[in-house]
Structure formats: C-alpha cells, structure tokens
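Everything below concerns the one structure shown next.
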Amino acid sequence: MDLFGLLQLDELSHGLANLSMFPFFDMAHYIVSILSLREQPGAFEVSRASPLACWFSSMLFCFGGAILSAIMLAEPVVAPLSNSTSVLLASITWYLVFYCPMDLVYSCAALLPLRLVLSGMKEVTRTWKVLGGVAQAHGKYKDSLLVMIAIGWAKGAGGGLISNFEQLVRGVWKPETNELLKMSYPTKITLIGAVLFALQQTHYLPLRTHHLMLIYTVFTVVNKSRMMLTGSSASPFAVIELAIYKTLFTGHSPYAALTGEVQKACLDHGATNGTTSTAGSKEIGGNGAAGKSTPVSPVKRQKGSLQAKEESEDADTANCKKIN
Amino acid sequence: MDLFGLLQLDELSHGLANLSMFPFFDMAHYIVSILSLREQPGAFEVSRASPLACWFSSMLFCFGGAILSAIMLAEPVVAPLSNSTSVLLASITWYLVFYCPMDLVYSCAALLPLRLVLSGMKEVTRTWKVLGGVAQAHGKYKDSLLVMIAIGWAKGAGGGLISNFEQLVRGVWKPETNELLKMSYPTKITLIGAVLFALQQTHYLPLRTHHLMLIYTVFTVVNKSRMMLTGSSASPFAVIELAIYKTLFTGHSPYAALTGEVQKACLDHGATNGTTSTAGSKEIGGNGAAGKSTPVSPVKRQKGSLQAKEESEDADTANCKKIN
Amino acid sequence: MDLFGLLQLDELSHGLANLSMFPFFDMAHYIVSILSLREQPGAFEVSRASPLACWFSSMLFCFGGAILSAIMLAEPVVAPLSNSTSVLLASITWYLVFYCPMDLVYSCAALLPLRLVLSGMKEVTRTWKVLGGVAQAHGKYKDSLLVMIAIGWAKGAGGGLISNFEQLVRGVWKPETNELLKMSYPTKITLIGAVLFALQQTHYLPLRTHHLMLIYTVFTVVNKSRMMLTGSSASPFAVIELAIYKTLFTGHSPYAALTGEVQKACLDHGATNGTTSTAGSKEIGGNGAAGKSTPVSPVKRQKGSLQAKEESEDADTANCKKIN
C-alpha cells in the first residue's frame, strides 16, 4: 500500500478497477477468441460446411468461461445467451471474421500490431473474469478456498478447459490431450490468477483488490506482448514449475518407484537417439494402426512435452546412466 | 385471424390446442422413438447383451428433449424420471418393441400404414413440446429470443441433439458427426418451429398461439407423411437454405478467401472423377489407418453432403473453371 | 424384527447405524479408491506427467458419487469440493499413494491383510452413501421409486458410472465399454442396495432402516472379502441374473427375432473354434485398421462377456445346432 502510494499508482489502480469492459474490451476478447478458433485446423472448412456448428463453436470460445462456471454452480447454462447485447456483438464478430467480403476483417485483425493491441485488451478482460468468478464463489461458499479457485479458473479459462467438447461440436475428437494433462500458457496464468485473487479475497494475501488487479493485469499484458513479439512459447514459470515438480512429484527415490519407468525411458531414449528416423516412422505407423481402440497411455507424448518443459534432458540422461 | 374465421378453422384450431397428448400421442411418440432406436446399427445386439443399457438408451430417445432442456435450465435431470406414468408407459413400449414374443409388436408397428399413423401422431407431440419449451423459457427470460429458441429447440429435438452421448451409452462413438454439423430433417423442422413460436410469443409474429399450432402441426404432419410415402429425404427448405447459404456464408468473393479452398476442391473433384475407384479405396485405407488420433477435418464428408443438399454440382464445376 | 430381537442383533444394528464414517471409514474409502486408480493402466505415468490431472482423477474416484448425484439433482457440482476437510484428507491420501518416498504407502496398503481390512471398511461406506442418496431423493420426489433408486445408485457407484469421463481426464477414451453395457460387481451390488433401500423407505419392504443397514453391510463386506480371498470375480447373482435374462430378455422364440442373429453367432462360433489363431489375429488387425471411425457394434465383446457370465456355452451351442 505504501509502495503504491509512493509510486502514485493508487489512482491508476483505482482507474483500472473502474474501467468498463463493455463494449471495447469485450469486443477485443471476442475478436481474439474467434481468430484463434479460425486458426484451428479444420475450423475454416467447418465454417463453410455448417455455419451453425461454427457459430456454436464460436460462442463456446467467447462464453466458455461463463458456461463452465454456470455448470459448476448449477446455474442455467443458457444464462450467458440471455444477455442479448453480448451475444449479438459476438455473433457479428463471428460473422465478420469468417464471412466478411474479401476476408477484410480477418486480414486486418491478423496483422501483428492490431493483434497485439487486441490480445493485450483480451488479457485485461481475464482479470475481470477471474475476479468475478472468485467473488461469486466467495459469496456462496464463504471459506472454501478450493471452490473459489475452481470457479475463478473456470471463468477465466473456460474456453480452454472445455476444449475437448468444443472440438466435438466441430466433429473433432482428441481424447489423448486436454488442458489438465498439458496446460497451455493462458490456462496456467489464469490458474495463478485465481489462486492469488482467492487468497486476496480471504485476506491471506495482504493486498487491496484494485492493487492486485493492477499488478496481475500488467503482468499478463506485458507477458503476452513479450510472447507475441518474440514468438516464444516458453512459460515464465518453467523454473519454478520444475523446482516444484522435482521436489514434490518424483517420489524422492530413484530406486523405489521410478526405477522401472526411468530405465524403460532410458531404453526408449537410446533407441530414439540411435535410430531416430525408424522410430519416428514406427510411431506414426503405430498410432495409425492402433487407432484409439486400445487404451493408449498418453505418457509418451506427455513425457516428451515435460522434457521440453523442463529443458533438462541432460540431467535425465545422467540419471539413467547412474541407474544402469 | 380473418382468414381462419372465413375458413371456419378457428374452432378446429381451438380443438387441437385443447387436445391432450396423454396417453395416445405420447404412446405414439414412444413407439416411433424406440422403433428408430431399434433400427440403429448395433442396437438390437445391445438389447440382447445389456438390457439395462438398451433401456437407458430408449429413455434418452423418449425423454431426450426434457433431459436436455433440464440441463440447460439447471433443473434436475432426474425430473423426467419422476413422472412414473410416462416412464412406465415408455418402459412397457421398450420391452414390447425389443423383447415381445414372436417379435409381434415390432413387426406390426413397422408396417407402413400403422407406422404412418404413429409418425403423424409423433409429429403432433412435437408442436406441444416446442411450444412448452418456448413458453417455459419465456417465463424465465422475458425478452431473450435466443434462449426461447434454444429451449424450444432442445425440448423438441433433444433426442437428436444429444445423440452423440446416447450412442455412447450403447458403446458407439461417432465424433465426426453431430446434429449441428449435419442437421437431420426433424432437427431442422423443430428449429424452424422454435423460431416461429418464439416470434409468436414475443408478438413479433401477429398470430394467435392456437392458429400457429394448427399451421405448424398440419405442415409437419403432411410433410412427414409425404416423405414417408415417397421415400424421399429431400428437405422442403433446400432452395431457401441454398439461397441463404449462397448469400451469407460464402464470403462473397471467389478470389479472396475461398480461392485456395475452391481450387483444391476442383482438383479433388477432378481426381475423383478420373479415378473414382482408386480414390475410394484410398479413402477407406486412409480412414482405417488414421483412426481418430489425427484431428480429421470433417469437411470432406460435409462438403459431399452439402453438395448433395445444394444439388448444384454443375454450378460448382463452372465456378472452378472460371477460377482456373 | 422378532428375529433381530431373538438374535440380540437389534443393539448391534443400532450401534452400526450410529457409526460415524468420518474420519476412519472415509479414509479407507479414499485409500482403496486411489489404489484402484493407481492400478489402472497408464495412471502411474500420468501421475508423473501431470500431477494435476492425476489429482483431478483421484477426486473423481473419491467423490464421483457426490458429483454425479449433484449433477442429477441440479445441485452445484463444486459442493463436494467445499467440504475442505474431506478434500484435504483425500488429497493427502492421493499424494502419499502416488508420491510417497520409497513408495512406502502404496507398498503397505497393497499388502493383502491391510487391503482386506480397508476394502471391508470401504464397503461399509457404501451402505451410508446409498442410504444417503435414497433418503435425499425421497425428500425431494416423494413417491418416485425410480428417482430414489437412480440417486442412491449414483451416490454409491458414481465413480464407476462416470468412468468414461474420468478416463478422459487422463487422456484415455474407451467408448466401446461402460458400466451400463457391462456392469462390474460394485456397480451391481450398489444397484441392488439402492433398490432395497428405496423399497424400504417407501415401506414396500417391511424392515427397519437400521436392520436393513446391518444386513446389507454384512452381505457386502463378507462377499467382498470372499472375492478378494478366493480371487474369484464370479458374481453371487449369476444364477438369478441368468434366470431373469432367459425369462425376460430373449424374446421367447428362437424362430422369430433371433434366428438370424443366433445363426450368425453359430457361424462365428464355428469359425472361431476351427481357426482360433487366424480369427484372433484378424480381429486385432480389424480393430487396428478400423480404428473408431466406423460405428463398431460392441456386441462381439459383449456377447463374449455375457457367455462368460452365463457360463452356458454348451447350451448356446446346442441351441445353434437345433436351429441349423
């Protein structure tokens, strides 16, 4: 508080907290969401084959958070649809992005400078959504931190969390992955925001609401801009994540639980290093032949992503050698 | 109104509006629904392997609309089950259709004349369901046309809209298609009905409720009978649909957005025309090998169906030539 | 009642009915549930790749019944999460089972004597859950036996009934099977319990609540222990099930509905007997090639399981010969 006073940020944070999301920030959220839908593989074709499925998919992208939190709180799922102005705005956006003559809207919105601004504005709406969800849950379940986090997370990252079912609307089904198995950056930053706002609302975090809003908004906007400008998808939390993971979730002992697993991984690793092209083609063939009728464990892909996330392949290999 | 008075249809429409659906029309709905379940591939085998799954599937066919609208309005999903008489009636129908000695009931009900009468009666229940859904939503969300349409549609065509999950009960999973991607005739006519009744309830459509009920019921019954007698599955709205589609959803310019797509479609087209058998076998092989692990875009099948719907292959080909 | 008085079991049943499930019995339920999650193929790998997905899956195993019944009664799905003590207890259990140093907890809990005790205690919680669900539904839907059975069943066997979606969290999707198509023993015993308690609550079954609790608890505990000690998975109801199935669900006439089916089954049977290895490899190949893009009827697997359940292959074969 003192620091905020000193830096004269108190007024700024008050101004931000009183900002109205409607219509400009909401509009930016709709545009960026529908752009990202359009860039999904197969989405453009669906928009030509079935405009209705495409519209429904777009609404799930735009109002996914509201829908998911409504389901979790046993409130009517159609409630987000009852706000005619928002739905109309989102529908116009959907129409212009997918069907505008000469594809003008998509071409303009996809230009980097404009997209940067729109994405920044979308990140601002995230703060409002997460805070809205946390406050709503706080009103219903006074002292349940977990419910507050869950609802805040659902409201802020709903579109991602229900992506399996959103894809199903477009006739795509990818059960081997979901946002819980492999979190994307927006889902992760929303979860962190939900935790922070839940702690703040229950006074475990000694900050005022509008100060936390300012801090969180600045962080998300700056980070998103950085990621878009550098084209990097590296999470700013990779180091912390890795530390937590190594401390809590490896079972502490390489000899007890993990030995078999790690050894197998080492063997796989060796085979991959030795005969990369063969292994690659085999994997494609294997995937193709197996289809989804056998319960394929998603761990191979996951392990790969985890290694990439950890950026510690050398450490792994060293580990393997120690065991062998 | 005047017209109705002149044609002495006012009394008829009043009589229709006061008609009770229970028990005869409801019964016809159950019979036709369970007949269509039984004619699904694999359903008869499921009825022998697991009567409980078959019963649950039948209830989803019979009460799908009530269940889907309950989910959307955050009302108890079990509420339709609490009406013991309806469930008993539907369960008896289910038992007789699937397990009757000598398969008498199925053989009789599947005879064209009886089935025609039953299907006509089922179409009558559609009017009541759509109107019920629209009125229920009107009571809760006064001025939201969209919610009224959604609930009316869900109530009238729920069984179709949740078909992906109904199939899952029977161990079948077809994510590449759903009623939004490729609407069947009943879903389409129910959507139109929901739109009409929603407009009527909000006084945008200057008609009395019982007059609209008469018009809509007569249209659905006559049209269903025509389709069953001629064996045609052509939608009576194909021309209007095509006009709307061409006007709104093609992007207006063949040179901007669609060029790549259309050219590709032309190339595909040419290849298909030239070497049909090869392409066919390749597609089967491709489908088989790829399984569902790759996010297969459903557009090929869709495009095919769309072309069939449009019945305008020549126009497309001409278009292709112009571009090339 | 008299019998209970004579056997001096009245006091025992009162004592049982006043037993508190928290914390020891609940704890046993969490441990056994999470052990069974850990023993699912691929679950251990998921616990390493994504602890969050693993935690969410564990919560679905522990609170699946509460979540499913909340969905069915349109109560907030997050309500089970709002009981912080239970969630904390379940989360600690989850952590210890999956990530304990030296894998001590899993190794201990998996020892037969301890597991036997824990499984017995888990069976005791089933009685409380089923009764809780039935009583809750009785309070809301006075005279609807079906809703009472449904909610009691959902509350007692929720984890199993939502297993398709629990698996989806871990990236596994097995649409060709579910608990309705092929019921496991716990699902079956819970259904029977739900029926009994629903009949008791509506006074169709002339027993006092605490007497029925004693009888049902003793039966489930004894039966579970027997199954664990003998390693048999034979259902104690197999004979009754078969009798009901043969009486009600075969259509009574081998000549009318089933002829084609049974003949085909006979042919399949003959082919399988003659060339087992070929058929086997063909099936694997077929499954592999077909993936899930064709609506594979689940009947072959089902029929197999049914035959095993019935233990009446000879009867079937005799039947076939008679028809041929």
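Chains: A, B and C, in written order; residue numbering restarts at 1 for each.
Criterion: a residue touches a chain if its C-beta (ideal position, glycine included) is under 8 Å from a C-beta of that chain, and two chains touch if they have at least 3 such contacts.
Here the structure is a predicted model, which means the values were calculated and not measured.
Both copies, chain B and chain C, contribute mostly unmatched positions to the interface they share, with under half of the numbers common to the two.
After Cα superposition, the angle needed to carry chain A onto chain C is 120 degrees, rounded to a multiple of 5.
Inter-chain spacing, taken between the CA centroids of chain B and chain C, is 34 Å. Shown for chain B are the residues in touch with two or more other chains, namely 74, 173, 176, 289-293, 296. Residue ranges on chain C touching chain B, taken from their complex, read 71-74, 137, 140-141, 143-147, 150-151, 164, 173, 175-178, 180-183, 245, 248-253, 256-258, 261, 289-293, 295-299, 302-303, 305-306. Residues 41-42, 44-53, 56, 70, 74-78, 81-82, 84, 87, 95, 99-103, 106, 167-174, 176, 287-293, 296 of chain C are the ones touching chain A in the complex.
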